[in-house]
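Everything below concerns the one structure shown next.
Order of writing sets the chain letters: A, B and C. Residues in each chain are counted from 1.
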Amino acid sequence: MDKQEKRKRLAKKIQLNLAMTVGEIFDPIDEDTTRPKKMAYFDRIFKTFTQGGEGAVNRKKTQKLIGTYCLFVPEEIIYAAGGQPVRLCAGAYESVEVGEEFLPDSACPMVKSEVGFTTLPVLSFYQQCDLVAIPASCDWKAKMAEIIHDYVPVVMLDMPKVKEGEASRAFWLSEVKRFTKEVEKVTGMRVTRSRLRGAIQMIQKAQVQFRRFHEIRKAEPPVIHGRDALEVLNAYFYDHVESWTAAMATLNDELEERVNNRESVAKPMATRLLITGSPMVFPNWKIPTVIEELGGVMVADEFCTSNRYLHDKVAVDEGLLSDMLHAIADRYLLPSCCPIFSTTIDRRDRLLQLIKDYRAEGVIYHILKGCHPYDVETRIIEKLLQDNGVPMLKIETDYSPQDVEQLRTRIEAFMETLKGQRHKEKS
Amino acid sequence: MKVYRLRIAVQAISFIILIYGGLFYIDMGNRMPTFSCAYVDDRGGGCFLIGFQHMLSRPFGEFLGDAGIRLLKAMGIFALWSIVLNKAWCGWICPFGFLQDMLSKIRSFFDVDLSRFGWITRTRYKSVKYIFLVLLILIPLGIANSFFGLEKIPRDWSVPFCQICPARVILPVFNGDFSQIHIDFSSNTTMVLTTIVMVLVALFFTTAFVKRRFFCSYCPMLALLSLFDKIGLLSLKKNGQRCTRCGNCSRACPMEIREIEEEKVLTNLVTQDCTLCLRCVEVCPEDKALETRFCGIPIFTASQQGFLKRQGLDEESHTNKNGA
Amino acid sequence: MIKTVISCFMALFCLFPALATAKAAQPATFMWLEPMSWDAIRAQRAKKKAAITKVTGGQQEAPNPAESYSTSQDKGKKRAARGARPRSYYLHSGEFPQPDRQQSGRPARMNGQYNHRAKPKKSQTQAILWVKYPDNRSLSFAPKQRGPVSLFSFPAGDGGWYDLFAYHDQGVNNDSRIHRYSYTHFMSHGDSVDKHETNGIEGPGFFKGQPILEIKRLCADDHECYRTHAGQNLRVQVSFKGEPLANQTLTLITEQGWKQSKRTDDHGKVSFLLIKELFPEKIDRRKSENYLLTTEHVLPATGVLNGQPFHHEHHIATLPLQVFPPKSDWQSKRMAYMVGSGTFLLAGGAIAIRRKRQRKAL
């Protein structure tokens, strides 16, 4: 009895802390007049975090809520089965300490935060999930199911690590099929040919807006901040795809107008930065905020929570159920640049292409402490960027706000060198 | 541009021209690099292979004279046809390929799932068409000559490939000619060969309901055409850097070619099994990752916008102004 | 003495009717074309090659058929010869079936070759062969004597139908002037050619570009006439000087001596069912039997030719046929459908079962 009381009190405390953090983030944002007006729709979703996330997830009462982690869980299947997916990847510092009860110190803050939210009733949608699908991507995720299965029903999706192999593809396809069965059991609705086709089209429509948004981001001068871009995609975690698409369309229209009027969010000649590495999830917007405050622009990112999230497309070839399932399985596995896979070829090419397309001057490599897959790839990417003459800054951090000032100094110095380099090139 | 619709239209027109063209006095010669079967009475052009096999059935000495010149001339015409359209003969013109595509349509209408070869099987299977090609050259030569003092091959083996080609049985049916459906008991050789062809015809229909373009993977014409892969005027190019290896292309490929997805370095992607049906370009969502060129001029390029259009999202596409 | 005289008279008396009947009902002497079989052509070529090898030690190439016309003034022949291997036809004359063949069944034509040592028959040197090429041009060829028969060789390179007309003016025999005709056609597989305007055949035996007495084979499609099989209907039209000849008797004679006569209808048309003749037990679908369709048209005419008067004009036409064994003897449609559908069901079933198992395993 005492213990339960204690947990309740802890939840309350974390709830308050989270509300404060959200407030700290949105107070300056709300005052910013250069920001696109249509961002308000996305802000609303995150502001609900102050009231326990009630209303963050846009769903009908009867709809089953399927929690997902990483970007490997096929959302098309969830929509086709009549469920509402919600991506549970978390970025809140407040719940990290709760997660630490279950996980070793060396675990990454993201998984700690996620476990914290799942085990403690702070954000309601973490507990409301009728099923949580966890792909066994990194080692932390692999163990997560066992840790949280007392709190929510969990299904694990095993991930092959060598995606080039025939057997691994077949294996992943069978995992996707198994997942389909599991979701069907939960929602009580069969995934049929037409429903799946409809779901794929729904997400393809979202992808139209996604790609349009990223085309706009290539514009010079930049019309939107990198942090806002992160927010837009982060909102997709919780929102229903159709309402998200509609909101995106209006935002894109506004941004296009801005491009035509040459309205910029940054000073002319602002340093263009590309950010890659471990994903950043609300409210962990330390680095984008610092960059923005220093007058730079995060023109692009290479995060599984943002740029990579909706980039790849399902190609429906014959329109048979099996064919579409195969297409979906392929879409989530093959083009993925996640560092859990054995090769970095796709990530390297994608990074270079992004640097070229967005004319990025420097790259910030963000590693969450304990995020080993991204850590491992640092050297390879560093060498690649060196060979291509792109400076790189490696930042290893966690969710705690203590090192913000230190980060600010390092990023400032990095941006100064970039500016110096630009002058050198000019003269 | 919805290329698959255009392709079906072109295939249908070619089918009519090649199977019924004779009724409209169309004759495109007997050296066509496509299965416009010579057993079809009202054909508008003849398959190269039957004439090729006939011409090869000569004593070696004759090739030094006139027969050799005629063989060279025939091969020259064949090469010209092939260089101009490259493998598009298979993907866009071949009546037998069209038949398989139509059967695939029927299959997907009846919701019958697609089967794929295992990778190892697929690689091994590639060599079958070369075996056929070598045999269709060696057997006719062996009819007229004796190799290493061995006995000559009996004349029942003449035009060996046509004897086991399912197109010989199936295509004349469209002309109302069912006479090719028979088993020939006049000698052991013909009996075996005609039985094989009936088995292959049956397998053609069976496999059409589980696979796409099954026959093409052992078609010796494809092997002959692939001699001109690299010099054909029509080419399929890939920009490896833009490719995300999402696998859409290789999954949609009726010939199950994996190189199209895996290749990051090579630019010419007309591989030995490619039929240039351009399905891969259609399902590629990356701008300019795949490109078809004719004489170096891009005629069909992969693009995000085009991809979404072909996936049935017409109304949204106009909003993407930057798409190619 | 008297005995000998009587016996002589008796002998004369006995002989006389025989002589009289011989004069009155002379056996019809036909003239017909027969293609030289590929086997014979090959054997001939091998022989020639061996001869060349003997003389020159194998250095010489096979002769180009075009070269044999290099001195000829006829450019058409040279053109037709370009890139062609020659086709050869025998022209036979005499009774059908040929007695030497009939006696021993078939052995006279072992491997498609004639016994060249057989007694030579009357020469046919006056005969002429007209070949109508696929491009509609007609060329004439003279025969060479080969043992008992005449042999025509002509180049045939282009693809398409070739029509052959042989004509022979036999002169006057027994008060009648005899014209003999033979027709045949074949299809050559090759590149098809552009059509030219017909140059109608002009010459003796021809009337307005057509043979005076013509038996024309009626073909519904290429299949019907490409290869004639026993059991098939043979449809012909007979015309005289371009006009259909009604009520004309035609006789079909097989190599075994079987005969059938029929009369043409008002349009000069008639059809015969080609009966199955004697084919050997072990069927070789490439070996054919010779059938001959004949007709004779007699007209009263008076004249003198080479000092010999005549009161009748005989036009004797033949249409030789190479009849192959009936298809039903060596090919089975039912078996084909059985094998086909059996394989279809087996393979289909196997795939269905395999898929069902896979689905269960999932």
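As a working rule, a residue touches a chain if its C-beta (ideal position, glycine included) is under 8 Å from a C-beta of that chain, and two chains touch if they have at least 3 such contacts.
No experiment lies behind these values; they were computed from the predicted model shown.
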item: Chain of greatest Cα-centre distance to chain A; value: C
item: Closest chain to the centre of mass proxy, which here is the mean CA position; value: B
item: Gap in Å, rounded to a whole number, between the CA centres of chain C and chain A; value: 87
item: Centroid distance [mean C-alpha coordinates] between chain B and chain A, Å; value: 46
item: Mean-CA-position distance for chain C and chain B (Å); value: 42
item: Per-residue multi-chain contacts in chain B, two or more chains; value: 113
item: Complex contacts: residues of chain B adjacent to chain C; value: 27, 29-30, 41, 51, 54, 61-62, 64-66, 69-70, 113, 115, 155, 177-179, 181-187, 194-195, 198-199, 201-203, 205-207, 209-210
item: Touching residues (chain side chain B, partner chain A) in the complex; value: 104, 108, 111-114, 118-119, 240-248, 251-252, 261-262, 264, 279, 283, 285, 304, 307-308, 311-313, 316-317, 319-323
item: Complex contact set, residues of chain A against chain B; value: 164, 166, 193, 201, 204-205, 207-208, 211-212, 215, 218, 249, 252, 256, 311-313, 315-323, 326-327, 330-331, 334-335, 345-346, 349-350, 352-353
item: In the complex, chain C residues that touch chain B; value: 49, 61-62, 64-66, 83, 159, 189-192, 221-223, 283-286, 327, 330-333, 335-337, 339-344, 347-348, 351, 355
